[in-house]
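Note that chain A is present in both complexes that follow, paired respectively with chain B and with chain C.
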Partner chain A sequence: MNISAPSLIASLTDIRNGFAFLGPELILSFFFLLLVGLDLFKSRVLKQALPFVALTGIILGLLTQVNFLHQLAAKQTTVFFTGLLISDGLAHFAGLLFSVAGVLTIVLSLLSNQLRLKFSGRGEYYAYLLVLLTGLNLMAKSVNLLMLFVALELVSIASYLLTTTLKKQQNALESGLKYILYGTLASGVMLYGMSFLYGFGGSLSFTDAAFWTNLSRLNGPFFLVIFLLTFAGFLFKIAAAPFHFWAPDVYAGAPAPIVALFATAPKIAGFVVIIRFLAQIKSYLVPALQDDVMVLIGGIALLTLVIGNFTALWQSGARRLLAYSSVSHAGFILAALAALATNSTEAVLFYLSVLLFMNFSVFLLVQIFEERLQIFYIKDLAGAGKNYPVLGILAIIILISLTGLPPTAGFTSKLLLFTNIWQNYSATGSPLLLTLLLAGILLTGVAFFYYIRIPYFLFFKRNFSSEKKVVLGRDNIALSLLTLPLLLFFFQPAWLTELIREVVLYSK
Partner chain B sequence: MNYILSSLIFIPLLAVLIILCLPKQFYNGIKLVSLLATGLQLILAVWLFSAFNPATTQAYQFVEQLNWISLDLQSLGLLQIQYFIGVDGISLGMVLLTGLISVVGVIASWTISKNVKGYFALYLLLVGSVMGCFLALDFFLFYLFFEFMLLPMYFLIGMWGGPRREYAAIKFFIYTLVGSLLILIVMIGLYTSVIDPVATAIRAGHAPVSGPVTTATIAEVQRQVVAGTLASESLVHTFSIPDMQQAANFVPGSILHVLSQKKLWGYPVRYLAFLLLFIGFAIKLPVVPVHTWLPDAHVEAPTAISVLLASLLLKVGGYGLFRIVYPVFPEAAAYYAYFVGLVGVVSIIYGAMCALAMADLKKMIAYSSVSHMGFVLLGLASLTAEGTNGAIYQMFSHGLISAMLFIITGVIYDRSGSRIIDNFRGLAFSMPAFTALVVIAFFASLGLPGFSGFIAELLVLLGAFSSSTVSGMLPRWMAIVATIGLLLGAAYYLWALQRMFFGKHWVHPELNGKSAMTDLTGREYLMLVPLAILVLVFGLFPSLLLQKISPGINHFLQLVLQNGG
Partner chain C sequence: MTNIPLIPVLLLGAVLFCLGLLAVITKRHAIVVLMGIELIFNAANLNLVAFNRLQPDLMQGQIFSVFVMVIAAAESAVALAIILKVYQYFKTVNLDQIGSGTDT
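Showing the complex of A and B:
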């Protein structure tokens, strides 16, 4: 490359101006360094304060995101850092969700005995969390293949480390190892695919029209292979079949707050990347290849839905069950994204926002069951609902929402997704979309069958040992507060959709 | 009294909140609150019934219509969900029935001793949802209440039921959920196809925001939609059932449009949508062969819940067919009339034969419900004035009679712990008053003249018989075969009556013994006698109900025949 002085100066100016859009990332990085620094001191008081330091960092990040979203109309979309990153509604909305997820992770961690009593490595835990959030923010902003890869690796490395937080536990190390093996494989495959994209597209920036017109010249099957290779990395993050094998093990081995985070934030980031890719594909790729992409995404969605829901039927552990339910959620969203002809971004963002609250509430529930009541398998829940009615009722609401039945936000989000698919089917008459629609709705019935087992054991079975175990008041309060949005967004979905519409309007 | 319908729905729901605030041990208070709430609901329902004006030209009365959820879906237009309730000839009888049976159910639940608070909270939640289902005129609202009935029922059977309650509860839930998912598919399809012309006129700027929208404007909007000159962003998609019933409100080119030529697996999509909805509601009704959840649920459920299940929840299935399926898909209804009639006849005969074979009294009554619900289908499929009026009358009458029947099995079960017919003989000697009421209930159910069941089944049979000449829907043999169902009904009721109540007094020695088989208590009289009187009153003076509901049903019939012919 031949860089002349003026263009170098222009680039430097661009980079300097770009920092204005990096507020959340800079704050998170600063607090990461602060945490690592503070962790060096042995003071007990200081150690106790570490989670709150991290919390401050995340909340400050959250405020900057809110600030950005507030001025969305004025700021428009800006590509900065010489075309590596983009600042738009989508990136900042995702950033908002990441921050909320970060705050909730810390709240759950503070409620967890296991994590509270674990004294060594406490600073690290919160520091990695901040790194993870930084990586996610960057991922949602990437419009360049290489930047995307770096951001994704940042997320992955932080994830591997967080998985093994509870080193003393047998399955923590096992799950960490599995996660690393699968993760590096997926990254490698993705990188391989990206190298093809770069080679044939002639650019690393996947928002260039030229990039896609170049790729349009490829023949169908070959393009699909490249596309699938590249998507391997994203599909891994959203836990879609056939890249979901890590999910059950990681969900079983990592601490509950971290699992809730994994089931939510990387999924959101992965979907943001997929949405960005599909938006470009819709505008620039030749229609013949677009159809191929639709078939591919639809096929993956169907596979994910079927595998997720049917495998969940056979699970006896609550965490593994939720792992497969998380897989099936990915399938639902992919199904809506496969409907290329309509813009499903709004529905998907709504779904993801609701999923955030569903996941954190259900994993708080799991954490309470495990730590307070020593219940790890679904059948051990027998009778617990009668002894702890508040917990039982909240559990029902959460599971109803996960299934997608009224009166919960889970229903509204599924309704919006299915509406998009139906609309697209009605416009194109594509049998694939109809299959997806019918499969999605009927598999909701299957999903209900495995979710209902939890209230079934909670309320219908007896012989729960009379040993007195205490569920703390703060557990109930936290869980109620997390469940509240699930009802709220059913009765007032407009509060969320108004924001999302604004966001989508100012997204590229 | 603009909020009478809302009060009908929310009084029980408010009572749920009150009960949740009461202390656990305050049994009598909880029961009293439930009784007061349902009593108040009954009074309002009776007032509504008498205030209902059958002569008016309005399609719905006491309408409450509020915008609830509006979602702007950009290029898809606006999604509008309304809190839209009202009452017409089809729902009036059901509302009255719900008010009646809810009170009876509370009295039947008086002896519940296990977790009283939870029981009555769920019970009232169920009652409120059923009422909501009958009053909702917005499909989304209807679906919400429809789903809302499932969970309370699931827990009421699963926690307070008999030995196999868990199995029965899960089975009930899975069946109904599958049905409601089928309904959901069509619901999504319908609202993406249907617009609200009034709201669209306002949104597109053809009418002032607050002012009244004239019929001319509505016609103009509908014309523009058809011509495709109205941007899709300004369309207001609605769940409103009355809007769905007008072909002009369907967006042209949408799959469910009346003129849509789209086919799937060789069938027009509208026909398939009709079938999905039909199966969804048929599971609830229930209809052979998707009826198998019903006997299990009935046998395991506690008495009061059986009463509610048979009297109200089954009616929601039939009501859904009347309210949504037939008026929205009239041409498919005409096309599938033979099939619907056939399913009805099969249910009548198969249900009756199963009832004949049952050793358990409660199972026998459960199957007799399947048989009687077959008449609802037959009457509806005939699409004649007699048939449709008969079908609604049958739903009302069966609601009263089946409540009696299930209370009767409850009475026997409470005393002996058994419901097996062969365990008892000559009960007439120890329980004469009870036997008199049983005779009334059995005769009413088998369709003896003078009781409400007779009027209903007679009307249905008349309709089915004349259908081939009047509307051309059903062949004559269906009416003739259905008559055999009446004969079978007489057989199993009379046989059960003879075995259990007549002959030498004998109770199986392993049961609680003769001494326990005492006659009715005051509480039981309180439930059975008013029901018996009502069954007689509505049998002798059918116009009491028919003059209120007929105009509405005939309007429904006109609509279906006109658009489906």
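Showing the complex of A and C:
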């Protein structure tokens, strides 16, 4: 096959210009190499500086994201790297959240006893973290099936390695093995679906109108099977119902900062990809198939909500409880996306931003309980609230926010989400949306019961064995700072919603 | 170049996919499960290469399959490393005998 010189030069120019939009990825990759290099030296000072080197990299990436998000109105969405990646509001906003998640992961790791000082895999730990963030950024930007697959695998492989960081911990290896087997299975299934999308769509670029027009010719059930196979990979990342089996094991075995990261960042990336797919489906696919997709997504959302919330009721370990709570959060967001309406993106992005702070604060809480107070099960919490009043009050705020009650940002985000579903129901009159709305509200009630168990044990149960108290100065300060956004976004949601509105406008 | 019809290749891919899935579901040995997953990757590869015929000039399917092979190799390397560690710890790689049995 022959390629003419002018077209080759045009592609090369396009690739060179594309680097302007790759700021965060380039910075993160550079710092990854720097970390691997620095880790080769034996100097103690250098080893102790590794977390801060990683932190510098992530903060520099964060600044470039902020720079992109500055003065959005004047900017345009650009497809670069010969149609592999896109630079738009959604990608950069997600990138901002990933960077915040990265910074918080490092802060939590520095506060952790096990990860802080003398743990041998320190160099690799922070290096994998940077790889994970690079993959997430690329995933949020990709508009091409090949690019999406590569980015997703970058995220997955880094996640498997991070899960098994603490090899001494018995659960770590077990959960790592389960994670990698489930994970590769999910990517294999996704890849099989993608191969059919490529074959019948006639292109790898899933933002092409022609791609979806070609797919529109397929008959309903066959398209749905392909669609579900492809979505298996994304649903795995967001821990939605038929693909959530890894969540409880991994949440129980991985280090707390990494679990907090898994519960937020890959989830955000997965939802960005799903939002992109569903937006294309809404615009280009024939209406008959759109209805099928709607029922499918709605069904998955309902299943996720029911499984997540009801299984959480039976959990005795805090981490498993939070794993199922994370599954149910994915269900709430999918319920909003099931309408295939363009107006749900704002509510979903708000929910995801609040979820980020909620998850990091709750896993810092778990880390403090496990490492400082040696409490692993909910029943052992008895009386801890009286001994540690500050910790107890912060725990109540965080759990109220996870349930979705005022005065916390969790309430605002659930309110926005349910309002959005209601709007779409009034506009279309679809009974599916009404079912999802009612199920969502009812299951929030169920969620109240399993979350409230923790404050109940903290404050209302007596504990007669008096142990000596641990001083929690630094942990309390960090936890209060993390809890602050939860109250802030309740009283001043406009700060976040304004930004998200601009971001969504810039995405079109 | 002789023309191989598309449908038999796709059917072969589907058979490979089902065999892989069956191995993952029924086998308890971690390495055999991994082999099943590799079969699924190969089924996808076969599809990609077959579908490439519809637009032979762009070579997208061929290139995709090369990427898949490389990534699958990287993934199995990580998986085997983890399996090795698991074996050193538990002295078995049977999925039913690993762990504390606190499944829900």
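Rule of thumb we're sticking to: the second predicted complex is superposed on the first by the 497 of 508 C-alpha atoms of A that agree within 3 Å, B and C clash if a C-alpha of one lies under 4 Å from a C-alpha of the other, contacts with A are read in each partner's own complex, and residues count from 1 in each chain.
Here is the rule we go by: a residue touches a chain if its C-beta (ideal position, glycine included) is under 8 Å from a C-beta of that chain, and two chains touch if they have at least 3 such contacts.
Everything numeric in this text was worked out from a predicted model, so none of it was measured.
*Asks:* So, A:157: does it touch chain B (first), chain C (second), both, or neither?
*Replies:* second
*Asks:* Where does A:314 make contact in the superposed view: on chain B (first), on chain C (second), on both, or on neither?
*Replies:* A:314 contacts chain C only, not chain B.
*Asks:* Check the residue A:202 against both partner chains and state whether it touches chain B (first), chain C (second), both, or neither.
*Replies:* Only chain C; A:202 stays clear of chain B.
*Asks:* Which partner does A:303 reach: the first (chain B), the second (chain C), both, or neither?
*Replies:* In the superposition, A:303 contacts neither chain B nor chain C.
*Asks:* Quick check for you: in the superposed arrangement, does A:173 touch first (chain B), second (chain C), both or neither?
*Replies:* second
*Asks:* Contact-wise, after the overlay, does A:434 reach chain B, chain C, both or neither (first, second, both, neither)?
*Replies:* Once the two structures are laid over each other on A, A:434 reaches chain B alone.
*Asks:* Considering only the touch criterion stated at the top, classify A:343 as touching first (chain B), second (chain C), both, or neither.
*Replies:* After superposing on A, A:343 lies in contact with chain B but is clear of chain C.
*Asks:* By the touch definition at the top of the document, which applies to A:192: first (chain B), second (chain C), both, or neither?
*Replies:* After superposition on chain A, A:192 lies in contact with chain C alone.
*Asks:* Which partner chains sit in contact with A:184 here, chain B, chain C, both or neither? Use first/second/both/neither.
*Replies:* In the superposition, A:184 contacts chain C only.
*Asks:* Where on chain C does chain A make contact in their complex?
*Replies:* Residues 13, 17, 20, 24, 30, 33-34, 37, 40-41, 43-45, 47-48, 50-51, 54-55, 57, 59-61, 63-64, 67-68, 71, 74-75, 78-79, 82-83, 85-86, 89-90, 95, 98-100, 102, 104 of chain C touch chain A in their complex.
*Asks:* How about chain A: which of its residues touch chain B in the complex?
*Replies:* 342-343, 346, 386, 389, 396, 400, 405-407, 415-416, 418-419, 422-423, 425-426, 429, 434, 437-438, 441-442, 444-445, 448-449, 452, 456, 459-461, 491-494, 497-498, 501, 504
*Asks:* Mind listing the chain B positions that touch chain A in their complex?
*Replies:* Checking each residue of chain B against chain A gives 69-76, 79, 115, 118, 143-144, 147-148, 151, 155, 158-159, 165-166, 169-170, 173-174, 177-178, 181, 184-185, 188-189, 191-193, 253-255, 262, 264.
*Asks:* Any idea which chain A residues touch chain C in the complex?
*Replies:* Within the complex, chain A contacts chain C at residues 1, 145-146, 149-150, 153, 156-157, 160-161, 164, 167, 170-171, 173-174, 176-177, 180-181, 184-185, 187-189, 191-192, 194-196, 198-199, 202-204, 248, 252, 311, 314-315, 317, 320.
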